[in-house]
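Take a look at the structures below.
First chain A sits with chain B, and in the next complex the same chain sits with chain C.
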Partner chain A sequence: MTTDHASAAPSVTSGGAAPRHDSGKADGPPSQERKRTERRSRWYRWDLKYSPYAFISPFFLFFAAFGLFPLLYTGWAAMHQVSMTNPNEMEWVGFDNFSRLWDDEFFWNALRNTFTIGLISTVPQLLMALGLAHILNYRMRGSMMFRVAMLTPYATSVAAATLVFAMLYGRDYGMINWALDLVGIDPVSWEAGTWSSQFAVSSIVIWRWTGYNTLIYLAAMQAVPNDLYESASLDGASRWQQFRHVTIPALRPTILFTVVISTIGATQLFGEAYLLAGSENGGSQSQYQTLGLYMYETGWFNLHLGRAAAIAWTMFLLLIVIGILYWVLTRLVGKSNGEEA
Partner chain B sequence: MRDRARTFHRPNRRTTRVLALGVAATLATGVLAGCGSDDEEGGGDGNVEISIGVFGQFGFEEAGLYDEYMELNPNVTITQDSITENGDYIAQLRTRLAQNSGLMDIQAIEVGNIAEMTGDLNNRWVDFNEYEDVDTSHFLPWKLDQATTEDGRVIGLGTDIGPTGICYRTDYFEEAGLPTDREEVSALFADWQSYLDVGEQFLANGPADVAYLDSAGGMFNAVVSGYEERYYSADGEVNYQESEAVQTAWDLSVQAAEGELTDRQQQFSDEWNTAFANGAFATVASCPAWMLGYIQSEAGENGQGAWDVAQSPSPSNWGGSFIGVPEASDNKEEAVKLAAWLTAPEQQAKLFTERGSFPSSAAAHELPEVLEATHEYFQDAPIGQIFTEAAAEIPSSVIGPQDQVIQQGITDGLAALEQQGISGDEAWDSVVSQLDNALAE
Partner chain C sequence: MATAPVIAPNTRETTDPPPRGGSRRRRAGRAGRAGGHLRAGWLTYLILTVFTVGSLFPLLWSAIAASHTNSRLAETTPPFWFGGRLFTNLEAAWTDANMGTAMINTIFVAGTVTISTVLFATLAGFAFAKLRFRAKNLLLLLVIGTMMVPPQLTVVPLFMAIAKLEWTNQLQAVILPTMVSAFGVFFMRQYLVQALPTELIEAARVDGANSLRVVWHVVFPAARPAMAVLGMLTFVAAWNEFFWPIIALTQQNPTVQVALTGLGQGYVPDRGVIMAGAFLGTLPLLIAFVLFGRQIVGGIMHGALKG
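Now for the complex of A and B:
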């Protein structure tokens, strides 16, 4: 910064402004001239020093207004007893809203549901995405078409997709039960059962996100140098061995990225579970109520904003813990990898 | 990289920077200005603009009432802002009431939210008693009570109500060897226990794959709403666990569910709608006036000439709305005048003939277009007469701010009993633990 400034500032005074002054106001006192020059160079110095901040300020202003402030205010609200009917009246309760979650069976139920739904949606989703990406990576006819087709579920709105799935999973008039009936299986009350409803929610998530992850894996696969495969096949490695020992290690950072993103998505899962039956309780016995839904029910239906804010912050902290876990994991994996090499 | 950038861009740097600063400044002011642009001033030259906030298809505009009023009062312009779901509407209304800004001159209030408005937020609303030209005497007394605060302020004028009957399918009743005439059916439903007894007969003799009624939750709603005290005691305390109304309604609903009289539906779900089209059940226990149109559109041609409506053993009210004028309104006088006009008997009668919203004004019930109204889809049932009689019997129930939460919790418990096969006691325990959590501050 300083060297730039030293070389740049004089060039302006001598090259830009000074000559015009010489011709225009030749008889002006030299001290005034110097002042002008000084002012100019001061402006220039400030310009160099501060205008970069002005350039990046829009992001930070928007982030402060729509990211940081809501986050902090939610934290503040979590320390209060606030009713949705009158959000201005806040009564300080300290950490009560957080500590009560410890004994809150519905919170633990939601946490458990979020975890199981996250597990049965994320794991098959990423495995399928990996396989699909591997297939799409082969040279084939109409590969572009397949790639676009992969991405269409992702481009569909959650609401539209979920409403269609809800109809498919209908108990009396759903298409899935109709198909099961054809092969002689008794109809399943998808929404009422614990596992069946969680499976239904997961299937929507899988349908929607597999294509997205496939494309990410595909992009990463195409960046793997071809000679690695060539030398592997020269050494007599089969396709499967190539996939296991060349593709997967090369994709490790990408896989980690998708795992992190999917975990965040799974923790915040809301729309699919909300719209399956269109109610905030996540089933009559909260059998598929996720943390996001529980927060929504607490705040917007039971009207306890402070408690809902505490749940929101707990979810945030949970994600931070998961983030740290993943980070430690990568470090460990990276280390063991380094030792192997 | 930096050097190259400098040589290339130097001549333009200053302009770019000024531009960027300008953009940043504009964005920043845009953000700030966005917060304050809601304050529109009312016209000063005798012309008044009255804004109305409603939810769903409220009916005023659809029935042409705004146009009529603007013709009568050429200096008035009415604008309406409608939000589809009441859930979204009320969330917005609450925040705006709390901030006392961004409010329309007239706001609609659904009956489920009226208790919180007459409670904590009552001072945000204009008291209609303070205006001489507003006549509140023509409303049904219980409807007026709902919008009256403890100290006697009237903060909302009733628009429509939902007096209930029992909807039933004559074709299925005939198959089951039951009477089909609505007078005889009404006589058959002397009380709720006999309604279920008829269900037993229906189960024994009726068509095999047709249930007697749609859901246990619907049964609960029908029974509990006929009482004055349901979830709250008269002094405003939550006491659903001791309430006679809840006990009776719960026991009858459990009896219906365990007797396999129900189709185990959840009301207003997609499956419930489809069940209407497929004719999967024979009765709807709580069938308010506005539901006739709903059944007609869902059951469609399959149910043509099949549905009819009988008297309920304990008529109650389900649904209906109010309109109020917020204190924050800029032209309260004009807004109050319009609100009174919109809810006057003649306009309520028009809303009924055009939209099927049953009047909350007792005076409107006397008008021939209401009293003599029939419903073609329901085999020309004299709905004006049936629902007017029902409306006169509706109890003046205690309404609490958490009524909806409590009823939803109980309906969930009944759904679990119906769909997951847990016992009545287990279901009740789950209701209590769920409501303990939901109601805790």
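Now for the complex of A and C:
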């Protein structure tokens, strides 16, 4: 009936479809019939060609509107003086906001704090996660129960977790000082000291993310072929040696992944420092003010949105530099180890 | 407290697609390998128990503290068991600290964000996994790249925008910017690449299905387990969204995290009420963890393996 129109149809597939659909009403005039088939095959081709773009467009439209555009506009705003009280009036100041940061001791303080808090929260966290994942990989009972329990802090919001920890770290009635008193240690004024407050902030981060990283490592460890361990143990390798020489090398990409993710997280650390005492300056001496918090204080408490934008872009550039650094490092490590990327 | 009802001794569901609702366990078979190459000794259990207690204790303690008066919490020895003030404090948190409005707002926000994220991520993930189009790899790289952009980089322009639109304190201000997620797209792509046979799509096309029908009748059914996991992860993230909401909203119309920030800033000086608020704001997710903990764990591990 539809003659041999296969050449007009885009592929065999729609050619197969046409007869079935038309079989019921095949008695129409042939020219109309042909036109309909043509229209359908054109629509089919059109559908095949453009539907992928239709499927990805919601994501990219939203991303363009609420991700890419704001990202670039932050850079533009960083070149202006913008007040939070009247955010739609911008005055061009060039790189003033950036050069101001250079001379700003609070900025350097925040940068330093971000670095030290990032270090004392990330390193122990990942090391513990690695160890925990290793023993969770043993054959055991209740493995899933342990995993779920260790992941619950991940479900706890920054705000809720910090409120609870702030109470636990309380100077006068906090449980931690009470416990220290039991073993004869004088109460610590956690929030007031520099190291103690940064330790407190880091402990919240560690509490919330260790379980998550444990699961990531565990997933990677389960993908390591068992024969590697078997041959290692045949060679007389101890548990520690197996961990050191089989597990760790196999996990290198995963470890890098978690290091990168944790670094990004540490750079933008905000809520834990903000809510430890509920003040935007990060302690009376800004002793635990992070870059994220300093940006918030600058923009929404000191009302300088332009300078806040400059801080945000500095954080972004910092992340890019760190990213390049990691990339170079892995390249070097990879080379020194023969292969592996 | 939040222990999972199902205990899974020897499985490796992580490398399989994330398990669905009440899926049965496959015992034995690969079980020998499953739990790992070494048997756990008492020390292992001890260490894991210590970390479990450490993970759960702050949450448990927030519930305990929420059941005491402010003056009881100001005694030198902290309470270790529940007192009788739990419901008084919860009620105070609900009304005085605006947690009631906050919970309803957050359910709405997180619900909307979850539905749109899962829907758009599945569509885009399907396109990246199974369809051919121009600049595909470049666009996928862009998706991965956007996962690295910190929220601080977008809040200044977004704030200027909502100031202009007079959207401050309105929920669409916190919903719209989080309607899609790059992680979600990547997650769905990784899942669909292996879980959706290309022949199935071709067969549907042979039957004359257009792209929308293919999505509806082939992609969605195949993607359902991953959609469920992504939905849960997105809901958790949306519920806990912090930085942008505290800028866009105030205590008049808060989400849970905004209301908790108000508590942290001392709007209500009663510690019992503060802890009640913290507990209340976490409770829905804790319940979700008790019910779906296994699936969430599986989802994170599954996503990690591919990420």
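Convention: the second predicted complex is superposed on the first by the 287 of 341 C-alpha atoms of A that agree within 3 Å, B and C clash if a C-alpha of one lies under 4 Å from a C-alpha of the other, contacts with A are read in each partner's own complex, and residues count from 1 in each chain.
The definition used in the following text is that contacts are C-beta pairs under 8 Å (C-beta built on N, C-alpha and C of every residue); 3 or more make two chains touch, one makes a residue touch a chain.
Quick caveat: nothing in here was measured; it's all calculated off a predicted structure.
Engineer: Which partner does A:252 contact after superposing on A: first (chain B), second (chain C), both, neither?
Structural biologist: neither
Engineer: Using the touch definition from the top, say if A:284 reaches chain B (first), chain C (second), both or neither.
Structural biologist: In the superposition, A:284 touches chain B alone.
Engineer: Once the shared chain is lined up, is A:55 touching chain B (first), chain C (second), both, or neither of them?
Structural biologist: In the superposition, A:55 contacts both chain B and chain C.
Engineer: Is A:139 contacted by the first partner chain B, the second partner chain C, both or neither?
Structural biologist: In the superposed model, A:139 contacts chain C only, not chain B.
Engineer: May I ask you to decide whether A:304 touches chain B, chain C, both, or neither, giving the answer as first, second, both or neither?
Structural biologist: So A:304 only meets chain B here.
Engineer: Mind working out whether A:148 is in touch with chain B, chain C, both or neither, as first, second, both or neither?
Structural biologist: second
Engineer: Counting only touches as set out at the top, which of chain B and chain C does A:106 meet: first, second, both, neither?
Structural biologist: In the superposition, A:106 contacts chain B only.
Engineer: Now for A:239: first (chain B), second (chain C), both, or neither, which partner does it touch?
Structural biologist: second
Engineer: Is the number of chain A residues in contact higher for chain B or for chain C?
Structural biologist: Touching more residues of chain A than the other partner does is C.
Engineer: Let me test your reading of the model: by the given contact rule, A:36 touches which partner, first (chain B), second (chain C), both or neither?
Structural biologist: Neither: A:36 stays clear of chain B and chain C.
Engineer: Name the residues of chain A shared by its contacts with chain B and its contacts with chain C.
Structural biologist: 47, 51, 54-55, 58, 62, 84, 87-88, 166-167, 172-173, 278, 300
Engineer: Across the complex, what residues on chain B touch chain A?
Structural biologist: That would be residues 2, 17, 20-21, 23-24, 27-28, 31, 87, 91, 94-95, 98-99, 116, 119-121, 266, 269-271, 274-275, 278, 280, 401, 405, 408, 412-413, 415-416, 419-420, 430, 433-434, 437-441 of chain B.
Engineer: Okay, in this complex, where on chain A does chain B touch?
Structural biologist: 4, 47, 51, 54-55, 57-58, 61-62, 65, 81, 83-88, 104-106, 166-167, 170-173, 189, 192-193, 277-278, 281, 284-286, 297, 300-302, 304
Engineer: Within the complex, which stretch of chain A touches chain C?
Structural biologist: Residues in contact with chain C: 13-14, 16-18, 20-21, 43-44, 47-49, 51-56, 58-60, 62-63, 66-71, 73-74, 77, 82, 84, 87-88, 132, 135-168, 172-175, 178, 207, 210-212, 215-216, 218-223, 226, 229-230, 233, 239, 254, 257, 264, 267-268, 270-271, 274-275, 278-279, 292, 295-296, 299-300, 305, 308-309, 311-313, 315-316, 319, 323.
Engineer: Which part of chain C faces chain A closely enough to touch in the complex?
Structural biologist: Answer in residue numbers: 2-4, 6-10, 12, 14-15, 33-40, 44-45, 47-48, 51-52, 54-56, 58-59, 61-62, 65, 73-78, 120-121, 123-124, 126-128, 131-133, 136, 139, 143, 146, 148-160, 163-164, 176-180, 182, 185, 202, 205-208, 210-212, 215, 236, 239-240, 242-243, 247, 256-257, 260-261, 263-266, 271, 274-275, 277-279, 281-282, 285-286, 288-289, 293-294, 296-297, 300-302, 304-305, 307.
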